Every structure is written in structure tokens, then in C-alpha cells.
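Note that subunit A is present in both complexes that follow, paired respectively with subunit B and with subunit C.
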Partner chain A sequence: MTAVLSTTSAPAGTGRTMLRLHRTALIVWAVVFAGVSAALLWAYGPGASAAADEWRRLCLNGTDVCQWGPGLERYNRVYALAEYAIALLPSLVAAWAGAALIGRELEQGTAQLAWTQGVSPARWLAAKLAVPAALLTAGTAVLVLLHRLVFEAQAAPMNWSWYDDDTFAANGPLAIVWPLAALALGALAGLLLRRSLPALVAALVAIWGTSLAVGLATPRLWPWETRTGTLRTGYPGGTVDVIFGGQGALTSTGARIADPMCRDDAQCLADHDVTGYFTDFHPASHFWPLQLIGTGLALAVAATAAATAFWLLRRRTR
Partner chain B sequence: MTTPLTGPPRAVLRLHRTALIVWGLFVTGTIAGLVWLNTVTADSARAKSARCDPLAYCADPFANTSYSAPISWISTFICYGFLAVAAWAGAALIGRELEQGTARLAWTQGVSPARWLAAKLAVPALVLTVGGIMLVVAFRWGWAANRDLMGDDWAFADVFVARGPATVAYALCALAVGTLTALLLRRALPALAVSLGAMWTLNFFLERYRESFWPTVTRTSPPEFEASRSWWPLENGAIIDGRRTQDVPYWECDGTSAENERCLDDLGITGHYTTYHPQSHYWPLHLVETGIVLTVAAVATLIAFRLLRRRTTAPAVRKGASV
Partner chain C sequence: MTDTALEAAALGKRFRRRWALRDCTFRLPAGRVCAVVGPNGAGKSTLLALAAGLLAPEDGTVTVLGTDPASARARVGYVAQDKPLYPQLTVAETLRTGADLNPGRWDAAAAERIAAGGDLDPKARVRSLSGGQRTRVALALALAKRPELLLLDEPMADLDPLARHELMGVLMVQAAQHGTTIVMSSHVVAELEGSCDHLLLIGDGRVRLAGEIDDLLAAHTRVSGPAQGSLGDHTVVESRTTGRQLTALIRPTGPLSDDWRASMPTLEELVLAHLRNPDAPALTPTQTPSPAESGSGAASGSASGSESESEETRA
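Take a look at the complex of A and B:
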């Protein structure tokens, strides 16, 4: 792929052409990257110190309820907005890749024209994917680092939870891999449908569907931590700031059953042989295993989509 | 135009049958979902949560969500459906035709540009209005049928729009704005992005300033009072020396209730106030917003026709002048 980027020996229609053709997208990405970086840097520096000052002033004077002032509100809003922009990126990339990058070229025949000008179809697709992939990876890697910085530094107890979908992705490689998967899925949709607008819609549906599926599968692919409680204590405590799995009752044989809802009814508890309760959960220490499983799944989606796109293109142009 | 389904209107329907099918499925699917949720899901959700002691642990503490979550999603989709209309109108309806030259081809086949645009706008407008009215009527019933299972209220941003004609107004406005951006940009994908962005921005600002579209009510009284659940609360605080203030240093007061009371007196608190919209303000607020959105739609349509006329007649005029 590096050969594609060194445009000196490459014929027209590769790296540099890519950047010229999609300069609007390049500008948009540069603006988004600069904006989100600036927001996160602000939240890490001046935003955090203003929020911390305000927290000390309003909330550390023995009061039970404390109302956020403008400093804490702004800090929270800027952080949330930056995180939202990072979360929105895969959708934007999928729509763009499906419609503008691949779909339109096939619809208007400019791709076919390029293939007659000394650029082989495979090489054309490689350039189409490699240039945006490199630019996206470089940018999102910086954004993830900045987001982690702000999240870890949390100037006041802001109730930011590590397991929130957007936060979880933006704190690790998931936020780098999803835009790449979106790029590959968009390219595949463009090649399959060969029309820009249907490809745009299909790419969006594909990225939403796969990220939903990966999000549902990830917590189930790493062993849960389990805590049990007795009849007297009820459900085990100490499970705050966690992802919940299953909950229910335990019998004398140690079997797990659905809670029969006896509450304090001794007869009912005896009838169902309930001797205790259990809760499955992922504590914050499971962040990295979960993050890596999700990243692996998203990478698999990206690789499969890209491989299918190349295979489809070769079969069609041979 | 003597028989309704010939000429340009018929062409519009045939050309955009995918969009028509998607819209039809959305309308019927949403209505079917509302009926199912209110006849089947509501009873089972209520039975499940009846088994739960609200204070003790419950195996399914959010038994209601099997009902309330889909209803919330439906209100979101009905309210923000206009974003899809904006994208479609900008890209598929007008942008693509101008980009690929099929519009100009149509203009040479006996369809004047103005008539071409009129058909492009009238047919979708009719379809959107009919479907939108059906959605609003169904949602008004479905949202009100099982209030005890829901946690939202009339002032929620999406519920506010989905319960009245603003839903249709936003859809028509998205159609007009999408058309105008496409005529300006003459390219499908940029028109899609700009039209989506324009409608999102319009909605963002209307949502933000919605509360100011009708005079608010302020209630003051010496003791603190509970706000009614049917209110849309906007601001509340204390009256100190006859002035309303939101930053009362309550934390300075502590101790027994008598001490506390004296301390509050020392702060100079003479009363409390709440500024809010009662539920009876729903229709005035809603209709003012509907009016604003329809005005934007009308202006965008007018500019679109003017722009098209200027663009399709200007060369002839110039030629005439030079002769």
C-alpha cells in the first residue's frame, strides 16, 4: 500500500488524484478533527480548572444537593459534544464511502474510465481505501488519546461512566477501528449497488447493524464476575459503575433460577428451594478485555468487507 | 393535468417508487406498532411491574421499558423523520436530476421547468401530508392510551412535535429546503449534506427557543410549593428583597428546622417563584412553531421557483437583448 502513496512513479488516478478529487471530504475531516481536538484540549486545560474551582465553591461546603453552575455545565457539554462527534464518525464515513468515494464513480462511469488509463481496478480500489484509511487512523488515534486524557482527569465527579457506549468506544481502539470498518462497508455497498444514493443508504444500514450486533455480543464474550448474597442480605451490593449481566436466585444445589419474587415469604422461598441470590457483572477492570474483543470483531468486519470488495471487483472486471 | 395520474405527476410517482414504498412501510409499520404496543404489550408490562415492590429489588426493575422504550422510539422517528425527507429531496428528487441532466431533458419534452418543479413538489407534498396526518392521529391516541407506563411528558422535544401539525409542517419544510439547496448546488451529494444540515439547524434553534413562543406563567408565594407534574418548568428560585434570584445560598443554613427557618429569614427570602408553561399552552406554542416552519417552507418554495425561472429564461433574454 505504501507504493500507492508514493505518487512519483504511480500513474494518475492514485494517491494524489484521490486527495484532489475528494478535497471537500478532506477539508471536512480536517475541520472535524481540529474542532474535536480543540474541544478536548480546552476541556483538559481551562475547562477542567474552571469546573474544579466551581465544584469546590458550590459543592464542597456541606450541602446535600449542589446545582452545577455555568463552569461545570460548559465542561460537561463540551466533553459530551466531542464524544458525540467521535461516535458520529463511522456513520459519516460509511455514507461518504458508499456514495461519494465508490458509488458515484461507478454510476457515472469515471471508475471504468480510470481503469482504461493504466490504473488496474485492484490498484484503483487500493488507493481509494488506503488514503482515507491512513488519514482516518492518524486522526482518530489522536482523538482517542485526547479523550482518554480528559476522561481520566475528570475535574469533578461528573458521573461519566466508562461503560456508556460512546465513552467506551472513544476510550480505546474501537473508535479507531469503527471508521475503518465503515470505510470498507461503504466501499462494498458502492461496488455492490453501483449507484451513489442506494449505496449511501445501504452503507448506513450496514454500519448501524454491525455496530449494534458487536455491541450486543461483546459483553457476552468475556466471563462475567459473579457476586452472591444470602437470603438475609438479599442481592449482593457493591455493584456500582458496572455493566450488568444476569441476576436471579440460587437453589441449595447451586443452580441458577429466575427469581420467584418471594421477598420475605418463607414458605415460598422453601417451595422454590431458594438459598441465595446472584448478580453477574463486568467491573471497570474488564475495560481492556472488552475493548479488545470489540476491536477484534470490528476489525474482522472491516477485513471481511474489504476482502469481499476486492474479490467482487476482480470477478467483475476480469 | 385533466386526469390526475398522467404526465409529470405520474412520472414522479414512478421514478420515486422506492421512496414511496419506504414511506408507506414507515407509516403502516409505525401505526401497527402503536396498536400492538397499546393492546398487547401494555397489559403484560403492567402485569409484570405490578409484581414488583417499587422500593425492593425486582427481577425486572424496568418492566415498563418493554412498552415505554418502543413508544419513545416511535415519537423520535415521527418527530425527526423530516431529516430523511430533507436528505431525499435534496439528493434524489432534485439534485440527481440536475446533476445528470435528466431535468433539462424533461424540459425539452414539452414539460415547462415550472411545471416540472410543481409536479416534483406537489406529489411528495400530498403524500407526506396524508401520511403525516395518519401518523399524528395514531400517535396522539397511542401516546395518551397508557400514560401510567410512560415517564415522558408533553414538553419532551420529540413528543411536542409528534402530537400535532408541526410534524407535517417540518416534512413540507424539509421538502422545500431540500429542493432549494439542490437547485442552488445542482449536485446530489452536496445538496444532501447541506439540506440535512439546514433542516437540523432550523430544528435545533426552534427547539431551543420553543419555550419563548408564548408568554410564560410565573407563580409566586411566600412558602415553597410543589410544581405540578403537568407543567413545563422553566425557572424557579427565591425572592430576596423583592428580586428573583436562582442562586440562594441554602447551604449556609443548617440545624433544626427552627434554626433553618430563622437563617432563611436572615438571608432575606420573602417568597418563592416558578416560571413555567401550563399544559394549556401546548397548542399556542405548537401552532406558533408550526407557523414559523410553514413560513420557511413557503419562502423556500417561492425562492426555488424564482431561481428556476431566472435560470431557465435568462439566456434567452440576454440573447434577445444583444440582437
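Take a look at the complex of A and C:
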């Protein structure tokens, strides 16, 4: 009887407890979400039309040089700030998860209080991860959609580039999965160190380290597009608005070598057997493959961290 | 239903290199109020945390209410030494949390009654409570889940005598009304005398004495006599000589010779003698409990169980 009751109705109880314990975090997340959404909605609506008007007035009147007025400035700044807030989320989540969600509970013994209140350590950790994960996912999914709207609408030529790190992440599932990876890494740091401040620092280091590594690895995991140029044309053109990979010289056998920097020195070119040049790059059409690779890697980080956290907890307690 | 509330077999727990608890074997029958006594750092908290399932043992097993600590979780109440509570919650929210986390078991009326006894404002934040009030809330949380076994780690430390008396009363009522087995640790023996009927003395990570207090006292005798007198083959726990007078605490193995004046030791004398003499042989119940045992006053193990191993005596 009690066994049935505790397996069926405990999740609701632990979920309610989670919300009660982390009310402040919930409020902060609600405020951040509302603020960023409002900023993006403004940029999509009134901000965009003001910027477009100003662009037509200042820059399409035949002048060679045009200076942005307050409308364009504000449009750009609000967009950039909203994007920056989205980019900052993983760090905030990691710090919170390491310190407040897990580290402090173990430090103060309140985790042990929960574990002796009929909630097994594994279920406790599951609630600790699931409730914030659900709220984060719901929020970031909306933010990504709004960010995409603003980015695609781009009311005037703002020079927003798709491959800019923060823009790239905020335009796809990366902005949804990195906060989740941060949550899992923070929880793991909290469980490992069992104190809030060291866990906060470790969680930040972990999320920065892994996102740096994933950011470096991602472009190398999808085949580059390559363009070549002859000795006469030099490096190939047409590579604007792209992520650059390797560049260099080609020999008569088709081998890739480092550019010997001969310029027009025919003797030098002959010595090195240079017959052309190449450029590797990811064009904008590679956006989705790159997004999905990064998302997969971030999810792998999240899953590994969460699994390790559960394993650690199971080994330590009964 | 089992009549054993708590049983340890060769239980051991190590923190890094140091053994906090080692080769710990004892059995506590249900319905007892058991004192776990020992100096600071003896392993009392480790033992209680192992029983509550908060730690995993390195060695041996601990059986709680006839099953493993994880399965017994819902039926065991535990209050840690520093009474951890969520500081940001109010008293009422803390109790509601208890109700949420113990579906099907929670006794809201009992929780409120215990908390209200301390003149507590339900809207007060936990962080603003005094030590005694915190203990009260922590006890309310542990008791309202209607535990069959209640584990209390130094429950009365840092309480003033009045609060101590009050809370001990709450516990005794619980034990009497619901038959709850209570295990409480302390390093102050006097604090537990009178309210406990079972003793577990832990020193240096090992069980030194275990059993019904009455049986343990009956198994020991305080003797005094001439300094040159022989204690024969009685097990000597402690002896000291003052001038021509020798006083000793012994476990008699047979009738005493007429040279000795014998008296019953107090619980405190018994405990102190064992703590002062770590080499004195332990006295713990045999591992196979006698079959005639029930919830009544039967001994948890024969008090003479370990005398065969007590060749080594100390004088």
C-alpha cells in the first residue's frame, strides 16, 4: 500500500518541493525569459520598422557614407543584448546548479534531510535535474524561435553574420541544449565537491571548457566546401559570409602545402611546384549540419555528466 | 513484521584511510529506546548515517526493520546532528515539504502539534529560529512520517535544560504510544540515563558494549578490597589502586571470594571504565539471538556471550 503510494505520487511531491525550494531561481528565470522575449519582440516589431524607416531616410538617399541614427543603433543594441543574454545562460545555469541546486544542499545537510524524508537519493537528483531542465527547455525554445525571427527579418543591412558564435548558437537547438549540459555539469560538480563555492567555480570551468572544445571540434566534423584558384587568379573569390577552414597552395600533384608566399616570383613558384590555391570553408548552407553536430556533442556532454552524477550518488549512498 | 529494529553484521565504513567504524556487530530489538554512547569521533554519527542509508558501507551489512536501509527509507526517521533544514522556508512550508515528500505516511496533525508545542510562529523563516526551535521542527519532520525506527544523532546537544526535558518528553510519548524504536546518540551519558533501556557503547570505531542496560549492569560488579588481593579469573575491565585499597570493575565469571566488597556500578561508571580502558574486552550479544525473544524485557543477547574471548585481562 505505502509502496504503491510512494512510487505513484512521490514525483508530484518532489516536483512541488523543488519549486518551493528554488523559488528565487524560478523568479529570476521568469524575469530573464520575459526580458529577453520582450526585447526580441520589440526588435521584431516596432524596433524593426523604426530601423527600416531610418535606413531609408539616411542611407538610401544617394549618399556614399551613411551614419546610423538612434533608431538603427537601438535596434542593433537590443538585438545584441538579447543575443548576449542567451549566450550567457549556460554560465548562469552552471553556476546556479553547482552552487545553489546541489552544492549548498550537500554542504548544509539538507540533501540528507530530503533523503531521510522518504525520497531516495536517485529520485531526489532526478527531480533536481528534471524540473529545471523542463523549465529551461520550454523557455529557451521560445527564445530561439524569437531570435530566428529577428535575425531573418533583419530590417536593414545590419551586418549580422550567421557564423558569429553567439548568433550561431541562438539561431538553433544549440541554445537549448547548452543550458541543459550546464545543468548536468553543475550538478556533477556539486556532487563531487559537496560545497557551493568550489562547485560554482568548477561548474563554470567545466561549461567553458566543454563549450570551447565543442566549438573547436564542430566545424572539423563536417566536410568543408573547397574552392580553388589558379596562379593567375590567386585565392578563390566568392567566399564571403562563411566560416573559414584551411587555406594554402596546391602542387601539380594536387597535394596541399602551406603557402610559400612567393607572390609573383615565378622561380619561387616553380621551386615549390605551386600550381594553384585552395580555401576550405563552411557556407551558410552548412548551418543545419553544423548545428546538429554541435547539438549532438552538447547532448553527449549533458548525458555523460548526468549519468556520472547518478552513478556517484548511487555509489555513495544506499 | 520483524522484531529486530536494527542489526549490524561486521559493519565497516572508511573515510579515506581512516576507519570510522569497524567490524561493528550488534542487534537492537524493536520497541527499545537505545542510547548510542561514545566519545566524540567514535563513529556514532557514521553508524546512524549508515542505518539511515545516507552512506554506503565498505564492509558488512546493516539491516533496518528487516530489510536494507534503502527499502526501509519510508519507515525510518532521522535527525542529523546539526538539524539541517531549508533556511529559506517558513516553518509551515517546511512541514508542507514533509507532507509532499512522505505521501501516504504523513501525519499533519502530529507535525503541527510537535511544532506548536515550541511556541513557533508557522510563518517564521527557519533561518530565524533558535537552536531549540530548529530541533523541534526537525523532530516534527522526523516524527510526522510515523517512523517505526527513529535515529537521532545528538538530538539534545546545544539545547537548554528546559527544552531538553520537553523534547525528551515528546520522544518518550512517541515511543510509548506508537512503539517506535528510538536510537539516539550522545556523548553525555547522564543525558540518556533514565530514558533509555538499551545501550550501545562505541569507542574508536568499534562496539565496546551492547545490550539491555539492566543486563549490562548486572554483568558487571564494582569491587574493592586489599591491594594484594587476587581477582582470579574474573574479567577485569578496570582496576586502580589507592594506597592499600584496590577498586575494580569486573565481569565476574563465578562467585567472588569474601575478600571483596561488591556493589552494582552505575551506568556512567560502566561507560567511563570501558572508555578509559580501550583494551578491555568488548561485551556484545552473541550473533545468534535467543529464540525466546519478544517485545518484552528479554535480553537482546546473552550478556555472558563474549566471555570466552576474554582471556586478555587488564589489571
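Note that in this section the second predicted complex is superposed on the first by the 307 of 318 C-alpha atoms of A that agree within 3 Å, B and C clash if a C-alpha of one lies under 4 Å from a C-alpha of the other, contacts with A are read in each partner's own complex, and residues count from 1 in each chain.
The rule is short, and it goes like this: a residue touches a chain if its C-beta (ideal position, glycine included) is under 8 Å from a C-beta of that chain, and two chains touch if they have at least 3 such contacts.
Remember, predicted model here, so these are calculated numbers, not experimental data.
Of the two partner chains, neither subunit B nor subunit C is touched by A:L292.
In the superposition on chain A, A:G234 makes contact with subunit B only, while subunit C stays out of contact range.
Comparing subunit C and subunit B on the residues of subunit A they touch gives the larger count to C. In the superposition on chain A, A:M261 makes contact with subunit B only, while subunit C stays out of contact range. When the two complexes are overlaid on their common chain A, residue A:T317 makes contact with subunit C while staying clear of subunit B.
Once chain A of one complex is fitted onto chain A of the other, the partner contacts of A:L269 are absent, as it touches neither subunit B nor subunit C. When the two structures are aligned on the shared chain, A:A134 is found in touch with neither subunit B nor subunit C.
Residues 24 of subunit A are contacted both by subunit B in one complex and by subunit C in the other. Listed in rising order, the residues of subunit B touching subunit A in the complex are 51-53, 56-59, 91-92, 96, 188-190, 192, 250-251, 254.
Contact residues of subunit A toward subunit C in the complex are 1-2, 5-6, 9-10, 12-14, 16-17, 20-21, 23-24, 108-110, 112-120, 315-318. On subunit C, the positions that touch subunit A within their shared complex are 49-50, 52-57, 68-70, 73-74, 76-78, 80, 82, 84-89, 93, 96-105, 138, 141-142, 145. For subunit A in complex with subunit B, the residues that touch the partner chain are 24, 61-63, 66, 99-100, 104, 196-197, 200, 234-235, 247-248, 258-259, 261, 263.
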